[in-house]
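These notes concern the structure reproduced below.
Note that the chains are named A, B and C in the order they appear, and that numbering of residues resets to 1 at the start of each chain.
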């Protein structure tokens, strides 16, 4: 339950900085009062935990089915309808497997690492605006906090690699550290482009700002500023791929080179934490990109004013966000089952020689665009 | 070592590094996903850069050569399946040719044609594994399953002709265990047509993939001279730009009656003899194999009639004292059988020269200086089968 | 190329040209000069046998050794007679596709031994290790003469004709 504490703390913290923002839970319990704040934090945590656990389950199923289709095989289709419950069955299996800690491992760090990685990821879910009001925490510094929580996983991974006392794990951790630190530069710059365009750090306000326009898509950042925001979106997507350790940037685990990289020594429930984290972060970073560049929950061709207000509209909006994010996740899956893995020096080259300069050009271009 | 005690001279600044670095020694294998079996390579690495590599082999050593001295000539055939288990037909063939040359057996032409078809089919199957696992080594999973899709058909073709899917034991000294069943040749031709189409998929999916090219070009370059010095044969030698194929330069069976090209590495993507060249030689060979198979089927059906596929030979083969060496072009290079007989029904000495064994010996020479990710790419491009290295 | 011509090129290092009793005629070369012969085979433009295919050892034990082996006693090293072991070198020319078989009958001092040719053909390194492992032939000047296929603490050399099969290995019964 180590993993439960940091997200709760993060949500609590974020609520503290919440200021004037609106959120479903605040409305429910009333802002201001200490107990109301606490209750909304608890409920918010419960919702976040549920969403953050359910989505990866869905995505593992999707990944296996999609990859099955791509490879001309069936994929899981036995447990439940279309094999949907397969991931649950696997989760149960992992939970009951022996949790092995190698004799010479650094026990405390070894045990802490997976929890830390997962905790950061779950906490970050609280910051995603699924609709105008379906947001657990609408922190004014949302983007900033999200980037911070995303980079928390590098700590966990390096910890895992070091504590395992396995050379392959260590190599994986070193790769992760190098890769993550490098790719945070283009990622940060691209996020800055969004911040610059909307003059806010709140993801909810960004999404709101992208409503309306031509066919309700005209205000999406990639269409509003196609010259610079679109390349920035591509750069961001690549950087986020690297950030989530997805192919072709899956060097930290590189199963054909480093056996299994940083989680070589993990088994059972601890391994499943890493596994969940990967799929949770896939959704998370996609949602981030969607909120910033692809109009958040706004429904194309359907002006926001038509459906605002009702609970149904909120649910529809949340579904739209999930569908949009899933489209990006699908591309991630697609890439993974198509591309070979890049070598570490090529990863660095790509980051410093291509992505970072492009991101900078886009940033300066956006400045010009906004001042024009 | 920098002396920490020494005081820097007046007016100079000295940077004292209080960091001791040590090369890391890593065991790659015997249980590692990319060593294609139980190969163990002890790598000394400075970060990700390999400074030395020492391969250890022999984990599945069965001393097939000793077994050959203890069983009769026919009984040894199943053991030949098991050294290069991905190309069992070619192993059968190499062994049978050696015994036939020693015993002066006359093989019926129909058996020879079917042998050629089987050998080439197995070459395709073996190269498909090389293709698939090479993608796997570099992190692309899907080509592996694409390769297996066609390999499955190839194996079912073998299943139809001999009942087995991996260890065929189909060829025996003197000929074949049985003739091809009805309709088999037609299906072989259908397979060739479909395969040629599917080959383009592999080309688009992996061969011309930008990342794949970046991972394999200029990596693990083996110059022609070095390749010869280390006794490399097969696609590894041809990948280095040496046009040498036993089927062409010293034709056995009826290889002199069919026309085919010998693909060689040309440095299309980078340097001659890099991983991409070795890989592409294999890919190009598969197309040549289908070309050979088509001609074989045509000639076999035109020239022979069903029936005779076994030479007349005594029930227990006894070979008068002699010695022979027969090399055949296996998917991985020259498979040699050096057979010494002494008039009994068992071999006096049988030496099996496995191509993987020789090809692998170049590993310590080319790995240093590359990265760990490259090591995987290089070992994969050499395409070893540990069953044959260890025999 | 005719075997006689090759023998002529190699000069007096060739002891014998054998064409009888074998399907692949071969040359018997003086053991002490094998390195020089190998270098000549590779470098001489008219020979150009640039690829070492394999190095094989063979054991031709005299009658007494065989008799003892039947009773389950391997011959001690000191009883190994000169000429009992042969080394067979298979060479190949990638230019002409021609093959050359050279043989060396090993002299015997303390153990069957020969000069290593790994300086001439790096490929020989592993072949010689294999011959050492399976037949117990020593190679002088080999950079790293260890067992290669059998494990390091294996007893005996399996391909010798007087090899006695072990009854057990590290407590694992082989019966």
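Everything that follows uses one rule, which is that contacts are C-beta pairs under 8 Å (C-beta built on N, C-alpha and C of every residue); 3 or more make two chains touch, one makes a residue touch a chain.
What you see is a predicted model; the values in this text were computed from it and never measured.
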Which two chains have the greatest number of C-beta pairs in contact? B-C
Chain with Cα centroid nearest the overall Cα mean is chain B
Averaged over CA atoms, how far is the centre of chain A from the centre of chain B? Could you give it in whole Å? 44
Whole-Å gap between the CA centroids of chain B and chain C: 25
Centre distance in Å when chain A and chain C are each reduced to the mean of their C-alpha atoms: 64
Mark out which residues of chain B touch at least two other chains, giving numbers and ranges. none
Applying the document's contact rule, which stretches of chain B touch chain C when the two form their complex? 57-58, 61, 63, 65-66, 69, 101-102, 228-233, 237, 242, 244, 246, 249-250, 321-325, 327, 334, 336, 338, 340, 348-349, 351, 353, 357-358, 360-361, 365, 390-391
Residues of chain C defined as touching chain B within the complex: 21-24, 50-54, 56, 58-59, 88, 90, 92, 94, 96-97, 99, 101, 121-123, 125-127, 130, 134, 147-151, 158-159, 163
Residue positions on chain B within touch of chain A in the complex are 24, 26, 32-34, 47-48, 135-142, 145-146, 149, 205-206, 209, 211-212, 214-215, 371-374, 376
Going by the contact rule set out above, which residues of chain A touch chain B in the complex? 67, 70-73, 167-168, 171, 174-175, 247-248, 250-251, 254-259, 337-346
